[in-house]
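The following pair of complexes shares a single chain, subunit A, combined with subunit B in the former and subunit C in the latter.
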Partner chain A sequence: MRRHILVRLIIAPVVLWAIYTITFAMAISIPGSAFENPDRNLDPDVARAVKARYHADDNWRLYWEYLAGLTGWKRLRTGEGPWIDLGPSWSYRDWTCNQIVADALPVSAVLGLTAVLLAVLLGVPLGVLGAARRCSLFDYLSLAVALIGISLPSFVPATLLLLVLAVRLQVTEVGGWGTSGQVWLPAAVLSLPLMAYITRLTRLGMLDVLQSDYIRTARAKGASPRRVIWGHALKNAFLPVLSFLGPASAFAVTGSFVMEKVFAIPGLGTHFVNAVLARDQMLIMACVLVYSAILVLMNLLVDVLYTVVDPRIVLEDAT
Partner chain B sequence: MSRPGDRVTSVPVDALPGAAAPAVHPWRRFRRNRGALAGLVLLGLIALACVASLPFSVRRFNEMELESNRRPPTAAAPFGYDFLGRDLLARVLLGGAISLGIGVAAAGISVTIGVLWGATSALAGGRVDNVMMRVVDILYGLPYILLVILLKIAFEPMLVRAVGNAHAANIVVLFVAIGSVSWLTMARVIRGQVLSLKAQPFVEAARAVGIGPVRILWRHLMPNLIGPIVVYATLTVPSAILQESFLSFLGIGIAPPVPTWGSLAADGVNAINTVVSFWWLIVFPCLFLGLTLLCLNFVGDGLRDAFDPRQSVQ
Partner chain C sequence: MKGAATAAAFCGSESGPMIRYGVPIVLLASLSLVGFWATASRDRPAAFTYANRGDVVCLDIAQMTYVQDMRIARALWEGLCGYAPDGTTVVEGAAYFPPEVSADGRTYTFHIRPEARWSNGDPVTAHDFAYAWRRAIEPGTAGDYSFLFRDNIEGAREYWAWRMTAVSTLTPMRKLARGQPVDADEGLRLRLYVPAERAGAVYEGLPERPDDGASDAEKAGREEAWSVRCGELLRLGAAYWEGLADRLLAAHRAEMEERYARVGWQVLDDHTLRVRLRRRTPYFPDLCAFATLFPVHRVSLHRLWSMTPEGLCIYDTQWPKPDYHRGGYPGLVGNGPYRMREWKFKRYILLEKNPYYWDADRVRIPTVKIVAYESPNTAFLAYERGQVDWLAEVGGDFTPELIGQHRAGLRPDIQTSDAFGTSYYTINCRPRLADGSPNPFADRRVRVAFALALDKKAIVESVVKCGNRVAATFVPPDSVPGYRGPAGLGYDPARARMLLAEAGWPGGRGFPTVELLTGIGSDYQKNAEATAKMWQDQLGVRCKLRVLEARAFRDAVKQGRFMLARVGWYGDYLDPLTFLDMLQTGNGNNDAKWSDPRYDDLLEQAARASDPQERLRILARAEALAMEEELPFLPVYHYVHVSAQRAHVRGLQINHRLIHPLKYVWLER
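Then we have the complex of A and B:
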């Protein structure tokens, strides 16, 4: 177990390096450049000097320089700058990518985590009740949630809720970021498709588990129905949900691209889309690497949690 | 969306359809499921309407009558007009054909790549398996929007030259881009299935009499994989349609004026304001989009039940 985690921790940087290489190759092959200004033609010498200043003229050198910044090698060599240097932004010339990420990541993280949390806290009970009382009101309610959640692109319910709750009823704020009242609406909409999946996974898992022998044993020895369902059955039915949390966090992160646009939230998704449109290769790579690092960590965390919930599972060494 | 929908369909191997019983008369079981059957019929009707009306919708979708700009639904134009005076009915019908096309193309591509990748990985085993699955992990870690944009930008100029039509090239590129990022889940699912099938006696027997891996895969494993393939392909369609709508909303989907349900819904959402309500701009695209996704999910669930009686509602 401990060895498995260790191996995964050693592999993680290799995975990130592969992602860095792929992203780098893709980012530099996008036509167009952040240094071309359609409104103002720079003198060719000046343009060349600007590009050279950012190492944008030599991809091979840029690749290694950037890698040195990422791994802390540059800090080790020069003794200054941050340990993980994401480089200067090419479109926001006065900013480094570190500053942008430091500003935007907490926003996206709060939004995404709130959404995942909401989805688990509401989706799991709904799925359990749906399975425990099949064809009851709860079952249909859980079905309805699941269907609404996956049948409309999230910007539609987001905009409609915004119109009703924020503009007509004025119970929430219209958008922006900074107060706690601005978190709930985007997080709730973002959690809808997640909740849909978690409800379905829980319901299916429960239906499966409730037919197994140990549940019959628990019932036979006189455990109360509530204890059987919430204590005995849920523990095993929760496993699929747990393994879904890895992809779910990925979804919450990218899903937030749309929420950030609808609700004018200054998160990392907004920066990523803008960076792609502005051909800001540095910011593209910074965003991708931050996302990927989070994902790799989340997947590792889920694996570890798996063995905690179900001790029968022994993780194999990924060698 | 990072591949919102499709990343979401990650299910542990033991909960997979087809794990327990091979498909015995799945169609008969599917037919008994009224919701799924109704979904299939409705889906067929919508698809038929979108495809059959193509001659009409292709001719009309970009015809602007500026004087009827944002005119509400009338008898002549039951869906009303959009902000450039274009008939919304024609746009919704053509948008449906394109959205469904994206879904089907994505499913086709994801089946082809996913099945080959997953089966090869599981059959080869050992180090090859490990490397192939790490590749899947790495691709999972990349925000798909970047992949889609990149594939688009890399192939579009080439295709425009080959096809000679910028719109056709744009659509084809988006088909391929979304398809090639949605095979990851399929690969994982198929790998899990093949791994569990590989351990069963009939595969061992086949290998013992000297049948090669390709033939084992094709003749002996494939019949047992049809269930999960059909189920996940069906579930890939709605997720691909949703992905396209997110891309359209962010302004990097199918280029206007060609409509998709996603871009029409995005247009409708953008037209919302507090003073005048242009409800038809949002209601009709969303109605069709929502109904279709609903039907697809119903059919997908019905298929899952049909191929895996263990979990069906008795």
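Then we have the complex of A and C:
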């Protein structure tokens, strides 16, 4: 397993480099420019000068200089600046992408983690109970949660909750980041679709596992129903949930555009979308690279966790 | 005993599922708690909180373009002149008012008050203004509004051009020195610099630079061949280009101060600044209250200055932050009524009263917090919740209902006013469309027919529903004191059909499908649909919508890939020219590519007129020509501005230019 992890860690930079190259190529090929105001035309000479100032007129140079900044080569050569330099933002010109990511990522991460946590804590028991008592109240409840969670666009519960809890009851504030209410509310809404998936995955997994021989054996030897379900069955039924959790956490941690917009949370999700709208190539690449790095890490983490949850799984070399 | 058994059953025998699942959950929970504690902003309450529609984009005054940024700039800096709360009257600023004006109206002398201070106590001098203005015309720092200098101040355009020539020569030289290829344009610029003995080897056999006559594909192919060839040959001498570029840059820098001295502003002494204008500009004091003409603290900012090998002047982009200290930089220093205490990205900006401000007695709020809401709905909820005292711009789908309630006397806290802006269609006047087919809109009669067939009142009343004024002219009526614009065209579908028939399309038969271009998600999309329907019904032409994302839309409009495009324009300074100069031949914002010597001549006459009233009359004649006869732009309605403020906020005067100087705001609790 150690070898497997090592190989994956060595491949990771190659994957990121490929992603960087593809993103770069895509970013330079979208029409429109970060340096032009969408409402009026910039004098062509001024546009040329501003683009030159940010090396936006010279993609070849930009590609290599950015890569040098990313890999720490620039820092080695100049002895100045951060080791991983994501470059200056083109749309928020007073800020660097490092600052933006450093400021926004932890916020999104906290929000995402809380949401994932909520989703697991509520989704798994709901799924288990739904499966254990098929066609009972619990089963229908878990089905209802799943349906609502998946089909309701998240800005609807978000706005409703804000209207009721913040404006009418004044329990929490509208938007911002600082009080616990400003975390729980968006996290709860963000966790809804995740919870829905987890509930369904757990329920399906449980139904499947409960049919298997070893459960019958466990029951036959007299294990209590509780022990059978939580101790024996869940272990196996949890595997699909676990594989879903990898990308889901990466998705939740890097921020949700809608949640951040509705709750005015200074997270990475809004930058992701706004950077594309503003043609801020630097911020696009910063967001994509950070997201990819997290995704790569999460997938590796899930692979390792598999072996912890299910000792039968042995990681083979990726070669 | 039974209890123990249950516990054991629950925990399992070996490691126990409870522990196995519990540990990661507890870990995750504590991680998110710690993370929250670390990222939560220790919120500092302020006496006055307001929200902009969008977030702050850029606080470098030379590059600033957005309304919300300029609003903050007016709190942090102060120009030679300022605005009264009405946003129209120009009043004293860092200089005494009014300035001395020469008889020909082209020379202004400003006397900066000796008690004007920077937020660190340094006196504000004429040098600070000159330095800031120079930043605005230096390649590398110049932004969208640098045209205000180039168009108005003597010598600014020439200095800029001279600098740009050097930059655009040095750029390909540095490329070649790095071993990078150059393109056809760049190669051409370097011709002069190739030594005689090598010129033959480099340029012999090069095809002439392709001209515009060739077809697109052919041209592209030839450009490609040309540039590849250029690149290959020129790359041979990387060291040569490096040395040459260094020498050129040195020579350029040596000449720079002498060239700069010819720009029309002159520091007579520490407190006197003389400005020489290109022509008579009665609205120059108004410009002096505009953010791009604000001063910067020269001593501290110059520490972050550098010149790139290409000759661009650059500053460390992070200078507008209060806590940025690279290389001994003290953090942002301003001369306005407020100074910045904290800037948390995407969260808030905290301002505090500047104790050194010369007019500090008048500033009555100790701290101001500016918060950003990405969504207009959330911003309004925050206002309703009482977190925000003033919502500078109310947006969102509910605005018409809100205005309705306000009209019914239910919401006295909502304010609406006409804005200094017009929503209009720009009509492509090029003889041919982008696809090469003949453009029916090149005919004046067709443009007028489309204008006459548009029921703007219906659009305003049943689609926009925000109480906008119908626009028959480009300059909003009664917006510029002393200016009486033409009446414009009304709604007359019968005459429209007649004109269309005259132009060769009776009943709209055979008229090519009209394409309306709009930006996605803009308010225009909805009313473009209504417009299309009207033209279809009234003129018998077929219309279709083409919707593009905002920046792709801008590209398409700029390159003339449209028939009619829905755009808007806000005036920058209080003069009809801020609208009318767009239609001048060769103006960068003349997307219609309309050109009429009569119009250009009228604008020229206005520029030469010595009597301000006469000047405005000539401008009105120019507008009449454009809006009643030629219609390169088809005005639809004038914008309305909606804001909301709590009852205790005083001194905020809603005005059509959206200028709300924080200096005069106070609270009554």
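Assume the second predicted complex is superposed on the first by the 302 of 319 C-alpha atoms of A that agree within 3 Å, B and C clash if a C-alpha of one lies under 4 Å from a C-alpha of the other, contacts with A are read in each partner's own complex, and residues count from 1 in each chain.
Criterion: a residue touches a chain if its C-beta (ideal position, glycine included) is under 8 Å from a C-beta of that chain, and two chains touch if they have at least 3 such contacts.
What you see is a predicted model, and the numbers here were worked out from it, not measured in a lab.
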- Task: Using the superposition on chain A described above, determine whether A:L234 touches subunit B (first), subunit C (second), both, or neither.
- Result: second
- Message: In the overlaid three-chain picture, which partner chain does A:Q99 touch, first (subunit B) or second (subunit C), both, or neither?
- Response: second
- Task: Considering only touches as defined above, state whether A:V167 meets subunit B (first), subunit C (second), both or neither.
- Result: both
- Item | Touched partner set for A:L295, first subunit B, second subunit C, both or neither | first
- Message: Taking the superposition on A as described, I'd like to know which of subunit B and subunit C A:L62 touches: first, second, both or neither.
- Response: neither
- Message: Contact-wise, after the overlay, does A:A286 reach subunit B, subunit C, both or neither (first, second, both, neither)?
- Response: neither
- Is A:R134 touching the first partner subunit B, the second partner subunit C, both, or neither of them? first
- Item | Which superposed partner A:R48 touches (first subunit B, second subunit C, both, neither) | second
- Query: Regarding the shared-chain residue A:P193, is it in contact with subunit B (first), subunit C (second), both, or neither?
  - Reply: first
- Query: If you count the residues of subunit A that each partner touches, which comes out higher, subunit B or subunit C?
  - Reply: C
- subunit B and subunit C contact sites that coincide on subunit A, given as residue numbers: 30-31, 159, 163, 167, 261, 277
- Item | In the complex, subunit A residues that touch subunit C | 30-33, 36-46, 48-50, 52-53, 57-58, 60-61, 88, 91-96, 99-100, 103-104, 106-107, 109-110, 113-114, 116-117, 120-121, 159, 162-163, 166-167, 170, 173-180, 183, 223-224, 226-227, 230-231, 234-235, 260-264, 266, 270, 277-279, 309
- Along subunit C, where are the residues that touch subunit A in the complex? 6, 9-10, 12, 17, 20, 25, 28-29, 31-32, 35-36, 38-43, 57-60, 63, 65, 139-144, 146-147, 150, 160-161, 164, 167-168, 171, 175, 178, 180, 308, 310, 312, 314, 317-321, 344-347, 371-375, 377-379, 381-382, 384-385, 387, 519, 549-556, 558, 567-570, 588-589, 591
- For subunit B, which residues are in contact with subunit A within the complex? 1-5, 7-12, 15, 130, 134, 137-138, 140-147, 149-150, 153-154, 238, 242, 245-246, 249-252, 262, 265-266, 269, 272, 274, 282, 286, 289-290, 293-294, 297, 310-311, 313
- Message: List the residues on subunit A that touch subunit B in their complex, please.
- Response: 11, 15, 18-19, 22-23, 26, 29-31, 134, 147, 150-153, 155-156, 159, 163, 167, 193-194, 197, 201, 204-205, 207-208, 239-240, 243-244, 246-248, 250-251, 253-255, 257-258, 261, 272-273, 276-277, 284, 287-288, 291-292, 295-296, 299, 318-319
